[in-house]
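Listed next: structures, encoded as structure tokens.
Next, two complexes with subunit A in common: one pairs it with subunit B, the other with subunit C.
Moving on to the complex of A and B:
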């Protein structure tokens, strides 16, 4: 074979090899991304219900969660009062809870609690917290407290409740 | 040339990644804002202004977050940062709120004058005294043309404000199903009386129903005594009850026995309601009230009141309907007098204009037994109101209302406007 032909053949082989490597690299990258997307999509947006360690409950039905957050159930036990910690407006978590638990608009939520206190059905409305950190911190400190935070923000040691027997990220988990 | 091509592919894949996870610009901004806010909170937080329970707070700024992986039912949690709160909680935890309104009215009633009037200025004090004990107080200041104890000072009646302790309730909470309290209440006999009362902003309309109007005699508006109450979750139904023992109505029957009972007899109050969880905005309730009424001239009557209500407060539509029967019986049982009242109120929050408009209508009737001496000063009433409410803020509203009222057959037409708010 002529040296020039050999050189061209070698260049073609190198170019082919480079294309093959590019395709392999991109495929691997794409596969990793798709995998991470599928993993993340399954749990992203799930809200974890966390409670103070004094609460001797591991599982609640969604109906019970509603009773608690609506202020209808104000005691875990005779000696342990429920303290609600709710995120301030604009937080995504609050939007999810208003939609899936309270089933109210922001205005209805405000009026609901003003009215409930006015009717002397409860001495106070929910405590307002301004970040997931703050919610997690306070729920750890206040006996009987309960709050909701994005599952990706669940701190170490927090007591996460099962809702209808399911944890956040599991199929059929109702709060997301 | 090769590297830009690779870069192009990588950017393309990253974009498809972002789209596939439905990450929107809003989410990104929200996420960024949340993180920024979190950092700000850690730097400047003093929780007295944030949560009443907390007196002081220190937070270690070194916090690391980890992502929870799907399919892993054992939640992987982030390392905990150190937080210290002092004196949790710090009682009493007092919250003050209030209601007020400004009104305008014009009527074709003989001798009436149109103009503005200041509505009640109502302050509410809700306080937790301990995790088992709480207090609710309510103080109203009412503008009146004849305010003050002017007769005792030998002065002519003059305009001013009358102050009144509307409610003062101290309650021990044993559990959800049993709470004991004592004090002065809005009588748990009528839905409107307890749900709205002086909270003009809370009620859709400007005016109260005639059967429970301020200063009215048909139903006892306030109750002084003790009350047991509780709520129960009965499967799909949320139920509540009230059982009370208190002073009889005063000699002036529009007043509760605030400064002491006018007899050794006690009034008995019982009330129940249910709210199905599937229809949380629906409430069905009934109540009974047994009392002995003593008039100024010493005549005594047994009083029995039966009342019921059905309400749907969803606003699209809103339906409130109540009925009450008041029976007075002479002590010797010779004569029995029955009077009835009811109203039906309909409203609908329109979906347009940011759902700020709510037109409403109410029809009401009060039929008094004209032989009943206890209700000698209570006229028969038939009337309707039609109006519209505009919520120009989440905590303030403008209402405009036309009323066609017939007191003892005499027609009166009234136009009202009101700005009501809570604070």
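Moving on to the complex of A and C:
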């Protein structure tokens, strides 16, 4: 084949690929938009468990969630530590988590972590975040981090974990 | 080897051993000090590591709890002073790690360095968290989660390794300390034991040597002290003991020679003393020949004799009748021989009766009684001696004799002055009227008769049979009473049968004195008669033969 002929053929192929990619991207954006709208619309009041994208986990059982938030499981993998981000007191999300995951009062929660730190059962405790935006923002930036925010506050692109195979808004989702 | 050198070497050896012990002691101390220093350094490092761990834990807990703590929305964070304080704690932690690094060996520093770097990073992250806490919470949490927590995890992984290293270092230092301590103790004990054994051995040898030598000297000295000068000390060593023994043996030899010389000198001295004694005896004898014993003694003691007054002395003059005629007929030698024979007899008689011979003047013999020793019996003694003299003369006047001499005796009693005159050929003599009168009495006597003065007669009349001659004119034309003594009173010669029996046996004939005479003599003079003219005894008759 002549080199010029070959060049024209390559240019045609590239243009075809670009078109294909544009279509795929638009399809993905559309599906995400649909999913997001459907979640917001369908499950207002549920808490979404979001993790940093470095976490190679999509689904957790409620027991595993409980282990993580109690500090009993401190590593996702050998080189990826779990970083707990917990909303400050008075926040609704915190009350839900205390009730449904920790099953403790505020005072018991505090005492639990103080004891755990002083017993050296964990080098670090959960870190306070003061807003859903802050939580979402930090989760996005901190590898291995995990937090919970109201499902309506979940930013776009955030990795939401399934709990017992269910997303927020789905029937049987345990955190709400 | 001399004792001085032996002792010097012994003491030097002991001193050397002492120095060796001292060196070992200091060496042990140095070794222990080095190990103790290492041990202390290891312990210090371990303590520092513990402090670091404690600081890390404290900071970690504090940060961990702070991260769980919510702040008010209007918070402006920690004040600068509290931040500075926190930073000071971080600096303290870093300082401890730097201190630990400096205390560590180079090999261990390499291990500390990553830890130090990580802690420094952790400190910075914590400080950022601290500075942003309550101000920029998202930044604080980000710093904590992204930097601090992973770094803290690494630090907490390195810390146990560091602790394990330090524990190993402490164990090694402890083991080293124990090993060095055991080694130094063993060395000290060994050196001390060897030193003690050597010192005891040397002390024993030296003391035994000295004791043996001194014992030999002591035994030799004791033997020589007992007079055994032939003893020699058998020490032949070439040291002070040998020198002392040689000197001692030499001294013993000298003592032996000196003793021989002394013995010889003593012998000579004794011989000379004997000669001197003999000479003195001769001198004294000669002196006694010319002087009475008491006078001679006084002369020897004082060098002179004081004239003495004797108030009662009996003087006897005896003159040989016929001597002048004999000088014409006899040879001088015969004359002197005869005169010597007579006067020798007289000398013996005067001695027997305790009289003092004064002198002879030609054929005149002069003696005295009661001088120089005073006695009350001297008139009687002198008269008895006079009878003996007459008897001696009569015995010699036999027909075959060269000369038939008789003797004329005069006796007088009275005071005299006695003394020694002259310093050369001195003689004891008496002076006074008594002497002159006695001479006159002798002059008026008769041959072989005893002429007594009135005074003498009165003193002897109770012992002797006397005959009054009447008043006789003396040379000075004085008329004086004179008496012949004819013999002993017959009453005093009377013998009892027992006395006669004794006398007949002749057992005590030579010392026999008629008891009556003796009793009277004792009554008058409170003493026994010195002798008795025994020719009177044979002439007396016994009581049985005498008519009553």
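Worth pointing out:
The criterion applied here is as follows: the second predicted complex is superposed on the first by the 134 of 176 C-alpha atoms of A that agree within 3 Å, B and C clash if a C-alpha of one lies under 4 Å from a C-alpha of the other, contacts with A are read in each partner's own complex, and residues count from 1 in each chain.
The criterion applied here is as follows: a residue touches a chain if its C-beta (ideal position, glycine included) is under 8 Å from a C-beta of that chain, and two chains touch if they have at least 3 such contacts.
A quick note: this is a predicted structure, and the numbers were derived from the prediction, not measured.
Superposition of the two structures on subunit A leads subunit B and subunit C into a clash.
Applying the stated contact rule after C-alpha superposition, one finds that A:107 touches subunit B and leaves subunit C untouched. Looking at the shared chain after the overlay, A:72 reaches subunit B, while subunit C stays out of its contact range. Of the two partner chains, subunit B is the only one touched by A:156; subunit C is not.
Once chain A of one complex is fitted onto chain A of the other, the partner contacts of A:115 are limited to subunit B, with no touch recorded for subunit C.
The larger set of touched subunit A residues comes from B, when the choice is between subunit B and subunit C. Once the two complexes are overlaid on the shared chain, A:89 sits against subunit C while remaining clear of subunit B. Judged by the touch definition given at the top, the superposed model places A:124 against both subunit B and subunit C. Once chain A of one complex is fitted onto chain A of the other, the partner contacts of A:54 are absent, as it touches neither subunit B nor subunit C.
With chain A used to align the two structures, subunit B clashes with subunit C at 149-157, while the other stretches in 149-157, 185-193 or 491-499 stay clear.
Common to the subunit B and subunit C interfaces on subunit A are residues 81, 83, 85, 110, 114, 117-118, 120, 123-124, 127-130, 134, 137-138, 141-142.
Contacts from subunit C toward subunit A in the complex involve residues 57, 60-61, 64-65, 67-70, 73, 137-138, 141-142, 144-146, 149-150, 152-153, 156. Listing the residues of subunit A that touch subunit C in their complex gives 81, 83, 85-86, 88-89, 110, 113-114, 117-118, 120, 122-130, 134, 137-138, 141-143, 145.
Residues 2, 5-6, 9-10, 13-14, 17, 20-22, 27, 30, 34, 37-38, 41-42, 45, 47, 50-54, 57, 59, 63, 65-73, 75, 77-81, 83, 85, 88-89, 93, 95, 97, 124, 126-128, 131-132, 134-136, 167, 169, 171, 173-176, 185, 194-195, 197, 199, 202, 231, 233, 236, 238, 277, 280, 315, 355, 391, 394-395, 422 of subunit B are the ones touching subunit A in the complex. Residues 18, 22, 25-26, 29-30, 33-34, 37-44, 48, 63, 66-67, 70, 72-75, 78, 81, 83, 85, 90-92, 103, 105-108, 110-111, 114-115, 117-120, 123-124, 127-134, 137-138, 140-142, 144, 151-158, 160, 167-170 of subunit A touch subunit B in their complex.
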